[in-house]
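Lettered A, B, C, D and E in written order, each chain numbered from 1.
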Amino acid sequence: MIVGKVVGSLWATRKDNKLNGLTFLMVKPYSHDDARVQHEYIVAADNAGAGVGDNVLVTTGSAARTSLANADIPVDAVIVGIIDSIEVTDE
Amino acid sequence: MIVGKVVGSLWATRKDNKLNGLTFLMVKPYSHDDARVQHEYIVAADNAGAGVGDNVLVTTGSAARTSLANADIPVDAVIVGIIDSIEVTDE
Amino acid sequence: MIVGKVVGSLWATRKDNKLNGLTFLMVKPYSHDDARVQHEYIVAADNAGAGVGDNVLVTTGSAARTSLANADIPVDAVIVGIIDSIEVTDE
Amino acid sequence: MIVGKVVGSLWATRKDNKLNGLTFLMVKPYSHDDARVQHEYIVAADNAGAGVGDNVLVTTGSAARTSLANADIPVDAVIVGIIDSIEVTDE
Amino acid sequence: MIVGKVVGSLWATRKDNKLNGLTFLMVKPYSHDDARVQHEYIVAADNAGAGVGDNVLVTTGSAARTSLANADIPVDAVIVGIIDSIEVTDE
(Lines give C-alpha, C1' and ligand atoms only; values in the text may rest on other atoms or scores of the structure.)
Protein backbone atom coordinates (compact mmCIF):
# COMPACT_ATOMS: atom_id res chain seq x y z
CA MET A 1 0.00 0.00 0.00
CA ILE A 2 0.97 3.60 -0.40
CA VAL A 3 1.36 6.28 2.26
CA GLY A 4 0.41 9.80 1.28
CA LYS A 5 -1.09 13.07 2.37
CA VAL A 6 -4.50 14.29 1.33
CA VAL A 7 -3.95 17.62 -0.42
CA GLY A 8 -7.27 18.31 -2.09
CA SER A 9 -10.44 17.16 -3.74
CA LEU A 10 -11.71 16.41 -7.23
CA TRP A 11 -15.20 17.02 -8.61
CA ALA A 12 -16.68 15.38 -11.68
CA THR A 13 -20.36 15.79 -12.50
CA ARG A 14 -20.30 13.75 -15.69
CA LYS A 15 -19.08 10.35 -14.66
CA ASP A 16 -19.83 6.65 -14.59
CA ASN A 17 -22.98 6.26 -12.47
CA LYS A 18 -21.24 3.63 -10.39
CA LEU A 19 -19.05 6.39 -8.96
CA ASN A 20 -21.98 8.34 -7.54
CA GLY A 21 -21.72 8.93 -3.81
CA LEU A 22 -17.98 8.48 -3.62
CA THR A 23 -15.62 11.25 -2.51
CA PHE A 24 -12.47 11.60 -4.57
CA LEU A 25 -9.43 13.00 -2.84
CA MET A 26 -6.09 14.07 -4.23
CA VAL A 27 -3.30 12.19 -2.47
CA LYS A 28 0.36 13.06 -2.70
CA PRO A 29 2.47 9.97 -2.03
CA TYR A 30 5.26 10.35 0.47
CA SER A 31 8.83 9.65 -0.38
CA HIS A 32 11.67 9.34 2.08
CA ASP A 33 13.92 10.84 -0.54
CA ASP A 34 13.52 14.59 -0.84
CA ALA A 35 15.01 14.56 -4.31
CA ARG A 36 12.11 12.54 -5.55
CA VAL A 37 9.22 14.11 -3.65
CA GLN A 38 7.77 15.42 -6.90
CA HIS A 39 5.39 12.61 -7.56
CA GLU A 40 2.17 12.64 -9.40
CA TYR A 41 -1.00 12.92 -7.42
CA ILE A 42 -3.07 9.83 -6.96
CA VAL A 43 -6.82 10.21 -7.01
CA ALA A 44 -8.35 7.85 -4.46
CA ALA A 45 -11.91 7.22 -3.35
CA ASP A 46 -12.25 7.81 0.37
CA ASN A 47 -13.40 4.98 2.59
CA ALA A 48 -11.95 6.22 5.87
CA GLY A 49 -13.49 9.66 6.39
CA ALA A 50 -10.25 11.40 5.46
CA GLY A 51 -9.82 15.13 4.92
CA VAL A 52 -7.20 17.54 3.66
CA GLY A 53 -4.04 17.28 5.71
CA ASP A 54 -4.59 13.71 6.82
CA ASN A 55 -1.88 11.17 6.26
CA VAL A 56 -3.55 8.16 4.74
CA LEU A 57 -3.02 4.57 3.71
CA VAL A 58 -4.08 3.89 0.13
CA THR A 59 -4.74 0.46 -1.33
CA THR A 60 -4.43 0.16 -5.09
CA GLY A 61 -5.39 -2.26 -7.83
CA SER A 62 -8.09 -4.88 -7.57
CA ALA A 63 -7.73 -4.84 -3.78
CA ALA A 64 -9.18 -1.33 -3.72
CA ARG A 65 -12.58 -2.59 -4.75
CA THR A 66 -12.70 -5.06 -1.87
CA SER A 67 -12.94 -2.07 0.46
CA LEU A 68 -16.11 -0.81 -1.21
CA ALA A 69 -19.60 -2.25 -0.89
CA ASN A 70 -19.70 -3.24 -4.53
CA ALA A 71 -16.90 -5.02 -6.36
CA ASP A 72 -18.13 -3.57 -9.66
CA ILE A 73 -17.16 0.02 -8.94
CA PRO A 74 -14.48 1.29 -11.39
CA VAL A 75 -12.04 2.54 -8.79
CA ASP A 76 -8.38 1.52 -8.60
CA ALA A 77 -7.31 3.34 -5.43
CA VAL A 78 -9.11 3.67 -2.10
CA ILE A 79 -8.12 5.36 1.14
CA VAL A 80 -8.49 2.53 3.65
CA GLY A 81 -7.05 4.16 6.76
CA ILE A 82 -5.99 7.39 8.42
CA ILE A 83 -2.49 7.07 9.78
CA ASP A 84 -1.87 7.81 13.44
CA SER A 85 1.87 7.36 13.29
CA ILE A 86 4.72 5.81 11.39
CA GLU A 87 7.81 4.72 13.25
CA VAL A 88 10.87 4.11 11.16
CA THR A 89 13.66 2.71 13.31
CA ASP A 90 16.08 1.21 10.86
CA GLU A 91 17.36 2.86 7.73
CA MET B 1 -6.99 6.81 -10.51
CA ILE B 2 -5.11 9.09 -12.82
CA VAL B 3 -5.91 12.66 -13.81
CA GLY B 4 -5.04 13.70 -17.34
CA LYS B 5 -5.99 15.73 -20.33
CA VAL B 6 -7.41 14.31 -23.53
CA VAL B 7 -5.04 15.33 -26.32
CA GLY B 8 -6.13 13.21 -29.25
CA SER B 9 -7.59 10.03 -30.67
CA LEU B 10 -6.38 6.67 -31.91
CA TRP B 11 -7.80 4.60 -34.78
CA ALA B 12 -7.25 0.91 -35.35
CA THR B 13 -9.22 -0.97 -37.98
CA ARG B 14 -7.59 -4.33 -37.41
CA LYS B 15 -8.25 -5.15 -33.78
CA ASP B 16 -9.77 -7.62 -31.35
CA ASN B 17 -13.50 -7.73 -32.18
CA LYS B 18 -14.31 -7.13 -28.54
CA LEU B 19 -12.98 -3.60 -28.96
CA ASN B 20 -15.51 -2.69 -31.65
CA GLY B 21 -17.62 0.33 -30.78
CA LEU B 22 -15.20 1.77 -28.27
CA THR B 23 -13.57 5.17 -28.70
CA PHE B 24 -9.89 5.30 -27.84
CA LEU B 25 -8.51 8.60 -26.64
CA MET B 26 -4.96 9.70 -26.01
CA VAL B 27 -4.60 10.97 -22.45
CA LYS B 28 -1.63 12.86 -21.12
CA PRO B 29 -1.36 12.37 -17.35
CA TYR B 30 -0.92 15.50 -15.29
CA SER B 31 1.99 16.01 -13.00
CA HIS B 32 2.27 18.70 -10.39
CA ASP B 33 5.97 18.77 -11.07
CA ASP B 34 6.84 20.57 -14.28
CA ALA B 35 10.17 18.83 -14.48
CA ARG B 36 8.41 15.53 -14.97
CA VAL B 37 5.52 16.53 -17.21
CA GLN B 38 6.99 14.47 -20.03
CA HIS B 39 5.02 11.35 -19.46
CA GLU B 40 3.94 8.75 -21.88
CA TYR B 41 0.48 8.98 -23.26
CA ILE B 42 -2.09 6.58 -21.93
CA VAL B 43 -4.63 5.20 -24.35
CA ALA B 44 -7.98 4.90 -22.62
CA ALA B 45 -11.40 3.76 -23.80
CA ASP B 46 -13.94 6.53 -23.26
CA ASN B 47 -16.92 5.88 -21.04
CA ALA B 48 -17.76 9.48 -20.15
CA GLY B 49 -18.30 11.21 -23.48
CA ALA B 50 -14.96 12.98 -23.27
CA GLY B 51 -13.34 15.01 -26.04
CA VAL B 52 -10.05 16.69 -26.80
CA GLY B 53 -9.21 19.29 -24.19
CA ASP B 54 -11.23 17.68 -21.40
CA ASN B 55 -9.59 16.93 -18.10
CA VAL B 56 -10.54 13.41 -17.24
CA LEU B 57 -10.41 10.79 -14.53
CA VAL B 58 -8.98 7.49 -15.73
CA THR B 59 -9.35 4.17 -13.95
CA THR B 60 -6.74 1.55 -14.72
CA GLY B 61 -6.23 -2.17 -14.28
CA SER B 62 -8.98 -4.70 -13.71
CA ALA B 63 -11.21 -1.93 -12.36
CA ALA B 64 -11.38 -0.40 -15.84
CA ARG B 65 -13.43 -3.31 -17.12
CA THR B 66 -16.04 -2.85 -14.39
CA SER B 67 -16.99 0.41 -16.08
CA LEU B 68 -17.82 -1.33 -19.35
CA ALA B 69 -20.87 -3.42 -20.11
CA ASN B 70 -18.82 -6.55 -20.57
CA ALA B 71 -16.06 -7.67 -18.22
CA ASP B 72 -14.40 -9.60 -21.03
CA ILE B 73 -13.27 -6.57 -23.01
CA PRO B 74 -9.45 -6.35 -23.25
CA VAL B 75 -9.10 -2.78 -22.01
CA ASP B 76 -6.89 -1.72 -19.10
CA ALA B 77 -7.75 1.99 -18.89
CA VAL B 78 -11.14 3.70 -19.10
CA ILE B 79 -12.13 7.34 -18.82
CA VAL B 80 -14.76 7.21 -16.08
CA GLY B 81 -15.37 10.93 -15.53
CA ILE B 82 -14.87 14.44 -16.86
CA ILE B 83 -13.37 16.66 -14.22
CA ASP B 84 -15.16 19.87 -13.26
CA SER B 85 -12.51 21.07 -10.87
CA ILE B 86 -9.65 20.05 -8.67
CA GLU B 87 -8.96 21.98 -5.51
CA VAL B 88 -5.58 21.47 -3.96
CA THR B 89 -5.38 23.29 -0.63
CA ASP B 90 -2.46 21.72 1.13
CA GLU B 91 0.94 21.05 -0.35
CA MET C 1 -3.32 0.72 -22.96
CA ILE C 2 0.12 1.27 -24.37
CA VAL C 3 1.11 2.38 -27.84
CA GLY C 4 4.30 0.95 -29.27
CA LYS C 5 6.13 -0.30 -32.30
CA VAL C 6 6.85 -3.94 -33.03
CA VAL C 7 10.62 -4.24 -33.34
CA GLY C 8 11.24 -7.96 -33.25
CA SER C 9 10.35 -11.45 -32.10
CA LEU C 10 11.17 -13.79 -29.25
CA TRP C 11 11.53 -17.56 -29.35
CA ALA C 12 11.35 -19.90 -26.40
CA THR C 13 11.23 -23.66 -26.89
CA ARG C 14 11.15 -24.58 -23.22
CA LYS C 15 8.09 -22.86 -21.85
CA ASP C 16 4.78 -23.30 -20.05
CA ASN C 17 2.66 -25.51 -22.32
CA LYS C 18 -0.16 -23.00 -22.10
CA LEU C 19 1.94 -20.63 -24.19
CA ASN C 20 2.14 -23.01 -27.15
CA GLY C 21 0.85 -21.52 -30.37
CA LEU C 22 1.27 -17.92 -29.32
CA THR C 23 3.57 -15.50 -31.13
CA PHE C 24 5.64 -13.27 -28.89
CA LEU C 25 6.67 -9.91 -30.27
CA MET C 26 9.06 -7.32 -28.89
CA VAL C 27 7.29 -3.99 -28.56
CA LYS C 28 9.00 -0.70 -27.90
CA PRO C 29 6.60 1.70 -26.19
CA TYR C 30 6.34 5.16 -27.69
CA SER C 31 7.03 8.26 -25.69
CA HIS C 32 6.21 11.77 -26.76
CA ASP C 33 9.30 12.90 -24.92
CA ASP C 34 12.46 12.18 -26.87
CA ALA C 35 14.54 12.39 -23.72
CA ARG C 36 12.79 9.34 -22.39
CA VAL C 37 12.45 7.21 -25.50
CA GLN C 38 14.82 4.66 -24.01
CA HIS C 39 12.25 2.39 -22.51
CA GLU C 40 12.41 -1.27 -21.87
CA TYR C 41 10.92 -3.56 -24.41
CA ILE C 42 7.62 -5.17 -23.63
CA VAL C 43 7.06 -8.72 -24.76
CA ALA C 44 3.47 -9.13 -25.87
CA ALA C 45 1.53 -12.06 -27.30
CA ASP C 46 0.08 -11.12 -30.66
CA ASN C 47 -3.67 -11.26 -31.15
CA ALA C 48 -3.93 -8.88 -34.09
CA GLY C 49 -1.69 -10.35 -36.78
CA ALA C 50 1.00 -7.74 -36.19
CA GLY C 51 4.46 -7.74 -37.71
CA VAL C 52 7.73 -5.88 -37.37
CA GLY C 53 7.26 -2.19 -38.06
CA ASP C 54 3.60 -2.10 -37.09
CA ASN C 55 2.40 0.42 -34.55
CA VAL C 56 0.26 -1.49 -32.11
CA LEU C 57 -2.08 -1.12 -29.19
CA VAL C 58 -1.11 -3.30 -26.24
CA THR C 59 -3.39 -4.21 -23.36
CA THR C 60 -1.69 -5.18 -20.12
CA GLY C 61 -2.57 -6.86 -16.85
CA SER C 62 -5.52 -9.15 -16.30
CA ALA C 63 -7.30 -7.52 -19.25
CA ALA C 64 -4.74 -9.07 -21.61
CA ARG C 65 -6.09 -12.55 -20.94
CA THR C 66 -9.61 -11.52 -21.90
CA SER C 67 -8.34 -11.14 -25.46
CA LEU C 68 -7.22 -14.76 -25.64
CA ALA C 69 -9.42 -17.83 -25.99
CA ASN C 70 -8.44 -19.12 -22.57
CA ALA C 71 -8.33 -17.00 -19.43
CA ASP C 72 -5.77 -19.37 -17.89
CA ILE C 73 -2.91 -18.44 -20.20
CA PRO C 74 0.01 -16.86 -18.30
CA VAL C 75 0.34 -13.75 -20.43
CA ASP C 76 0.26 -10.20 -19.09
CA ALA C 77 0.45 -8.21 -22.34
CA VAL C 78 -1.38 -8.77 -25.61
CA ILE C 79 -1.36 -6.84 -28.88
CA VAL C 80 -5.06 -6.16 -29.40
CA GLY C 81 -4.90 -3.83 -32.41
CA ILE C 82 -2.80 -2.45 -35.23
CA ILE C 83 -2.91 1.32 -35.24
CA ASP C 84 -4.00 3.12 -38.39
CA SER C 85 -3.39 6.60 -37.07
CA ILE C 86 -3.05 8.71 -33.98
CA GLU C 87 -4.15 12.31 -34.07
CA VAL C 88 -2.89 14.53 -31.28
CA THR C 89 -4.46 17.95 -31.51
CA ASP C 90 -3.97 19.45 -28.09
CA GLU C 91 -0.77 19.50 -26.16
CA MET D 1 8.01 -10.29 -5.96
CA ILE D 2 9.99 -7.59 -4.26
CA VAL D 3 12.89 -7.92 -1.87
CA GLY D 4 13.17 -5.33 0.86
CA LYS D 5 14.08 -4.59 4.43
CA VAL D 6 11.59 -3.93 7.19
CA VAL D 7 12.40 -0.48 8.57
CA GLY D 8 9.40 0.36 10.70
CA SER D 9 5.71 0.13 11.47
CA LEU D 10 2.54 2.01 10.72
CA TRP D 11 -0.45 2.55 13.00
CA ALA D 12 -3.93 3.53 11.89
CA THR D 13 -6.84 3.48 14.32
CA ARG D 14 -9.46 4.72 11.89
CA LYS D 15 -9.44 2.21 9.08
CA ASP D 16 -11.48 -0.22 7.05
CA ASN D 17 -12.70 -2.87 9.53
CA LYS D 18 -11.40 -5.58 7.25
CA LEU D 19 -7.89 -4.47 8.13
CA ASN D 20 -8.32 -5.15 11.85
CA GLY D 21 -5.78 -7.56 13.25
CA LEU D 22 -3.20 -7.01 10.54
CA THR D 23 0.25 -5.63 11.24
CA PHE D 24 1.48 -3.06 8.75
CA LEU D 25 5.20 -2.78 8.25
CA MET D 26 7.24 -0.23 6.34
CA VAL D 27 9.43 -1.99 3.78
CA LYS D 28 12.25 -0.37 1.89
CA PRO D 29 12.81 -2.16 -1.40
CA TYR D 30 16.36 -3.13 -2.20
CA SER D 31 18.09 -1.99 -5.31
CA HIS D 32 21.34 -3.34 -6.62
CA ASP D 33 22.12 0.11 -7.90
CA ASP D 34 23.26 2.46 -5.16
CA ALA D 35 22.35 5.46 -7.25
CA ARG D 36 18.72 4.47 -7.09
CA VAL D 37 18.44 3.24 -3.52
CA GLN D 38 16.15 6.15 -2.70
CA HIS D 39 12.89 4.37 -3.22
CA GLU D 40 9.57 4.96 -1.67
CA TYR D 41 8.55 2.82 1.21
CA ILE D 42 6.04 0.11 0.60
CA VAL D 43 3.53 -0.60 3.31
CA ALA D 44 2.89 -4.32 3.51
CA ALA D 45 0.71 -6.45 5.76
CA ASP D 46 2.82 -9.03 7.57
CA ASN D 47 2.07 -12.69 7.09
CA ALA D 48 5.47 -14.08 8.02
CA GLY D 49 6.11 -12.81 11.54
CA ALA D 50 8.63 -10.25 10.31
CA GLY D 51 10.21 -7.52 12.40
CA VAL D 52 12.37 -4.45 11.93
CA GLY D 53 15.68 -5.37 10.30
CA ASP D 54 14.40 -8.48 8.57
CA ASN D 55 14.92 -8.89 4.87
CA VAL D 56 11.61 -9.94 3.44
CA LEU D 57 9.89 -11.16 0.32
CA VAL D 58 6.82 -9.10 -0.57
CA THR D 59 4.09 -10.19 -2.93
CA THR D 60 2.05 -7.43 -4.53
CA GLY D 61 -1.19 -7.02 -6.43
CA SER D 62 -4.06 -9.47 -6.36
CA ALA D 63 -1.65 -12.24 -5.37
CA ALA D 64 -1.16 -10.56 -2.00
CA ARG D 65 -4.69 -11.38 -0.95
CA THR D 66 -4.20 -15.08 -1.64
CA SER D 67 -1.79 -15.13 1.29
CA LEU D 68 -4.45 -13.91 3.73
CA ALA D 69 -7.33 -15.92 5.13
CA ASN D 70 -9.90 -13.76 3.38
CA ALA D 71 -9.69 -12.70 -0.24
CA ASP D 72 -11.81 -9.63 0.50
CA ILE D 73 -9.21 -7.80 2.54
CA PRO D 74 -8.15 -4.50 0.89
CA VAL D 75 -4.43 -5.12 0.95
CA ASP D 76 -2.15 -4.94 -2.11
CA ALA D 77 1.16 -6.00 -0.56
CA VAL D 78 1.90 -8.81 1.89
CA ILE D 79 5.15 -10.02 3.42
CA VAL D 80 5.11 -13.71 2.51
CA GLY D 81 8.58 -14.73 3.63
CA ILE D 82 11.64 -13.83 5.67
CA ILE D 83 14.75 -14.16 3.58
CA ASP D 84 17.58 -16.37 4.82
CA SER D 85 19.95 -15.57 2.00
CA ILE D 86 20.23 -14.32 -1.53
CA GLU D 87 23.02 -15.61 -3.71
CA VAL D 88 23.75 -13.62 -6.83
CA THR D 89 26.34 -15.39 -8.92
CA ASP D 90 26.02 -13.84 -12.34
CA GLU D 91 25.84 -10.15 -13.07
CA MET E 1 5.95 -9.86 -20.15
CA ILE E 2 9.46 -9.04 -19.07
CA VAL E 3 12.72 -10.35 -20.47
CA GLY E 4 15.56 -10.82 -18.02
CA LYS E 5 18.53 -12.87 -17.00
CA VAL E 6 18.62 -15.21 -14.02
CA VAL E 7 21.41 -13.99 -11.78
CA GLY E 8 20.85 -15.87 -8.56
CA SER E 9 18.59 -17.54 -6.04
CA LEU E 10 16.71 -16.62 -2.89
CA TRP E 11 16.08 -18.79 0.15
CA ALA E 12 13.42 -18.23 2.78
CA THR E 13 12.71 -20.85 5.42
CA ARG E 14 10.00 -18.93 7.24
CA LYS E 15 7.37 -18.27 4.63
CA ASP E 16 3.73 -18.70 3.68
CA ASN E 17 3.17 -22.48 3.45
CA LYS E 18 1.64 -22.02 0.02
CA LEU E 19 5.11 -21.16 -1.26
CA ASN E 20 6.61 -24.51 -0.27
CA GLY E 21 8.19 -26.36 -3.16
CA LEU E 22 8.70 -23.32 -5.33
CA THR E 23 12.14 -22.15 -6.44
CA PHE E 24 12.69 -18.42 -6.27
CA LEU E 25 15.16 -16.94 -8.69
CA MET E 26 16.61 -13.45 -8.91
CA VAL E 27 15.97 -12.00 -12.34
CA LYS E 28 17.60 -8.88 -13.69
CA PRO E 29 15.37 -7.29 -16.34
CA TYR E 30 17.04 -6.37 -19.59
CA SER E 31 17.00 -2.88 -20.95
CA HIS E 32 17.99 -1.89 -24.42
CA ASP E 33 19.30 1.35 -22.99
CA ASP E 34 22.64 0.92 -21.25
CA ALA E 35 22.07 4.08 -19.28
CA ARG E 36 19.18 2.48 -17.52
CA VAL E 37 20.46 -1.05 -17.02
CA GLN E 38 20.50 -0.49 -13.27
CA HIS E 39 17.14 -1.94 -12.50
CA GLU E 40 15.92 -3.64 -9.42
CA TYR E 41 15.93 -7.37 -9.33
CA ILE E 42 12.68 -9.17 -9.70
CA VAL E 43 12.11 -12.28 -7.66
CA ALA E 44 10.20 -14.82 -9.72
CA ALA E 45 9.02 -18.35 -9.03
CA ASP E 46 10.44 -20.72 -11.60
CA ASN E 47 8.08 -22.74 -13.75
CA ALA E 48 10.43 -23.43 -16.66
CA GLY E 49 13.41 -25.19 -15.11
CA ALA E 50 15.59 -22.09 -15.41
CA GLY E 51 19.04 -21.67 -13.95
CA VAL E 52 21.61 -18.95 -13.42
CA GLY E 53 22.65 -17.43 -16.74
CA ASP E 54 19.44 -18.28 -18.56
CA ASN E 55 17.55 -15.56 -20.35
CA VAL E 56 13.96 -15.92 -19.33
CA LEU E 57 10.46 -14.70 -20.00
CA VAL E 58 8.66 -13.56 -16.86
CA THR E 59 4.92 -13.09 -16.55
CA THR E 60 3.75 -10.74 -13.81
CA GLY E 61 0.56 -9.87 -12.00
CA SER E 62 -2.47 -12.10 -11.74
CA ALA E 63 -1.39 -13.90 -14.92
CA ALA E 64 1.58 -15.35 -13.05
CA ARG E 65 -0.68 -17.53 -10.94
CA THR E 66 -2.29 -19.08 -14.00
CA SER E 67 1.06 -20.74 -14.70
CA LEU E 68 1.05 -22.53 -11.35
CA ALA E 69 -1.03 -25.53 -10.37
CA ASN E 70 -2.93 -23.55 -7.75
CA ALA E 71 -4.38 -20.09 -8.32
CA ASP E 72 -4.18 -19.38 -4.58
CA ILE E 73 -0.40 -19.19 -4.41
CA PRO E 74 0.83 -15.69 -3.37
CA VAL E 75 3.24 -15.17 -6.23
CA ASP E 76 3.19 -12.18 -8.59
CA ALA E 77 5.97 -13.15 -11.01
CA VAL E 78 6.68 -16.50 -12.64
CA ILE E 79 9.34 -17.57 -15.14
CA VAL E 80 7.22 -19.09 -17.91
CA GLY E 81 9.89 -19.69 -20.55
CA ILE E 82 13.59 -19.93 -21.29
CA ILE E 83 14.48 -17.75 -24.24
CA ASP E 84 16.24 -19.31 -27.22
CA SER E 85 16.68 -16.09 -29.13
CA ILE E 86 15.40 -12.57 -29.56
CA GLU E 87 15.61 -10.97 -32.97
CA VAL E 88 15.22 -7.22 -33.05
CA THR E 89 15.13 -6.01 -36.63
CA ASP E 90 13.64 -2.56 -36.43
CA GLU E 91 14.64 0.14 -34.02
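In this section, contacts are C-beta pairs under 8 Å (C-beta built on N, C-alpha and C of every residue); 3 or more make two chains touch, one makes a residue touch a chain.
Since this is a predicted model, take the numbers as computed values, not measurements.
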Q: Give me the chains shared as neighbours by chain B and chain C.
A: none
Q) Roughly how big is the turn, in degrees to the nearest 5, that lines up chain A with chain E by CA atoms? A) 145
Q: Can you check how far apart chain C and chain E are, centre to centre, with Cα atoms defining each centre and the answer in Å?
A: 19
Q. So what's the Cα centroid distance for chain A and chain C, whole Å?
A. 30
Q) Which residues does chain D have that touch at least 2 chains other than itself? A) 61-62, 64
Q. Which chains make up the ring, in order, starting at chain A and heading to chain B first?
A. A, B, C, E, D
Q | Touching residues on chain C, where the partner in the complex is chain B | A | 1-3, 29-33, 35-36, 47-49, 57, 59-64, 66-67, 78, 80-91
Q) So in the complex, which bits of chain A are touching chain B? A) 5-16, 18-19, 24, 26, 28, 38-44, 52-53, 61-62, 64-65, 71-77
